[in-house]
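In the two assemblies presented below, chain A is common to both, partnered first by chain B and then by chain C.
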Partner chain A sequence: MNPFIDMVRFTPNEKRYYRNSIAPTVAFLAVMAGSAMLVREYRDEWPFEVLAGLALLPVLPMVWIIKIYIDYFRDCDEWEKLIEIYGIAIGVLLVGMAYFALGLLGLFQLVVLDGTLLAYGMLPAVMLVYTLGKVVGRWRHG
Partner chain B sequence: MLATTPVRDDDRLTPPIRRYLRWLVVSMSMYASLLVTSLFALRAVPAEALVLRAAFGLLPVLPLLILIWAFARYIREADEMQRQIELQAVALAAMATGIGFMVAGFLASAGVFALKGELVAILVLPTLFGTYGLAKAVVARSYAG
Partner chain C sequence: MRNVIRERRESQGWSQAELADRLAVSRQTVNAIETGKYDPSLPLAFKLARLFGEPIETLFDDAP
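Here is the complex of A and B:
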């Protein structure tokens, strides 16, 4: 068993998950672009509450994506569930640690950090490292 | 994960939990002392010595690496049920923390408030530990029921 090759051999459940993820991902990108454009355009004209509501709009497709992931997770067998959770755990611990190290460097004014970018970037970073975590999980529990 | 005590229904500490708690105490003591050392050292190191400043600045990361290693070992040694609870709690905490920070990012980009970079970066781990504690209580209860 090769954990790297197994990553690209999809089970029917995984295929369904990837298929179902397309619509919310496209929706997320579209809503994100639209919301950013509107907020930038009407920052000085529209009331604060409307701007905040617009800024939070991309959370809706994100919740949709998570719902699809939870459905996928429920349909996984026990071993697949363990690997998925391993992936998330390793991903979040590594990203959390990297953020902490960056934060220390920022705190001691050794690097300049953009808070908005960092806040945006946390979830995508976890999702990227999660893939690595899944490889580790498959390798350990193969 | 790291900062809360693993819960057992029968309130007895198993050898893996005891080992983990020992390392938790060691790493947290190291963290506190290295943080203080790092703060004092940075006052003495000139601003031009960037590499040295970075090295001192990153000193407190070392005990956290030890803590993560201890947690990983605890997960390996824990029984199936306990491992399932721990890992599910970490996964839930990861999702909640990730979405929380993303929401904060959206609001900051809309100008609702300003986010200081170093504050965001430093807060990720403590937020994760906090939500992990809550998630673990929820997951453990779902297994108990």
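Here is the complex of A and C:
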């Protein structure tokens, strides 16, 4: 069998993972939009604690997604776990290295970095490179 | 590591999916083992040996 064809054929565990991820993903988008709107609207009226709580609200659906991922990982067989670990390792190491390199450029004042954008973009960057890492893992071990 | 899992499976007339069901793993895992890209854990190797009624060393060969 062609391992690249296998990538688009989902196992029951993968199907469950993607199905279960829909609700928290929609929740994340809705909470994110709601939080942004409320914080922008009431920035000068509501106390900092309330605004900070609103700003951090999107973390909750992310925690929900992580819980679903942990359940998915638990139900993976040994080869699937290897591929997952491969993806996570590549994602964390490459993004960590990229951030370190950017940090060096900032440290030597060669570029001006937007810390907020960098902090916000870290998790999506890890997830993106994790997916690429899984493709590499399946290609090497599948 | 070379192995004869594909030959044993085909001699039983099983598809990769059928063997995967019997081993409680994914079909991709069976494919990775058959192509020699993944060496199974000891528990999974024992499962294969029991399923085919052969010792592990006849199914897997670590000779260079």
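A few points about this structure:
The working rule: the second predicted complex is superposed on the first by the 137 of 142 C-alpha atoms of A that agree within 3 Å, B and C clash if a C-alpha of one lies under 4 Å from a C-alpha of the other, contacts with A are read in each partner's own complex, and residues count from 1 in each chain.
The working rule: contacts are C-beta pairs under 8 Å (C-beta built on N, C-alpha and C of every residue); 3 or more make two chains touch, one makes a residue touch a chain.
Predicted, not measured: the structure shown is a model, and the values here were computed from it.
Under the clash rule set out above, the superposition-derived model of chain A with chain B and chain C shows the two partners fitting side by side. Contacts of A:Ala30 after superposition: neither chain B nor chain C is touched. In the superposition on chain A, contact is made by A:Thr11 with chain C only, not with chain B. Touch criterion not met for A:Ile22: it reaches neither chain B nor chain C. Using the contact criterion defined above for the overlaid structures, shared-chain residue A:His141 touches chain C, although it does not reach chain B. Here the vertex is the CA centre of chain A, and the angle it makes with the centres of chain B and chain C is 80 degrees, a multiple of 10.
In the superposed model, B is the one of chain B and chain C that contacts more residues of chain A.
Within the superposed three-chain model, A:Leu110 lies in touch with chain B and out of touch with chain C [touch as defined at top].
By the touch criterion stated above, A:Leu82 is placed in contact with chain B and with chain C alike. By the touch criterion stated above, A:Leu132 is placed in contact with neither chain B nor chain C.
When the two structures are aligned on the shared chain, A:Leu60 is found in touch with neither chain B nor chain C. Of all C-alpha pairs spanning chain B and chain C in the superposed arrangement, the closest lie 8 Å apart. When both complexes are aligned on chain A by C-alpha atoms, chain A residues 82 touch chain B in the first and chain C in the second. Residues of chain B that touch chain A in their complex: 38, 42, 50, 53-54, 56-58, 60-61, 64-65, 68, 71, 75, 84, 87-88, 90-91, 93-95, 97-99, 101-112, 114-125, 128. Residues 35-36, 39, 43, 48, 51-52, 54-56, 58-59, 62, 66, 82, 84-86, 88-89, 91-93, 95-97, 99-108, 110, 112-123, 126 of chain A are the ones touching chain B in the complex.
Across the complex, chain A meets chain C through its residues 1, 3, 6, 11, 13, 77-80, 82, 138, 140-142. Residues of chain C that touch chain A in their complex: 16, 24-29, 31-33, 35, 37-38, 40-41, 44.
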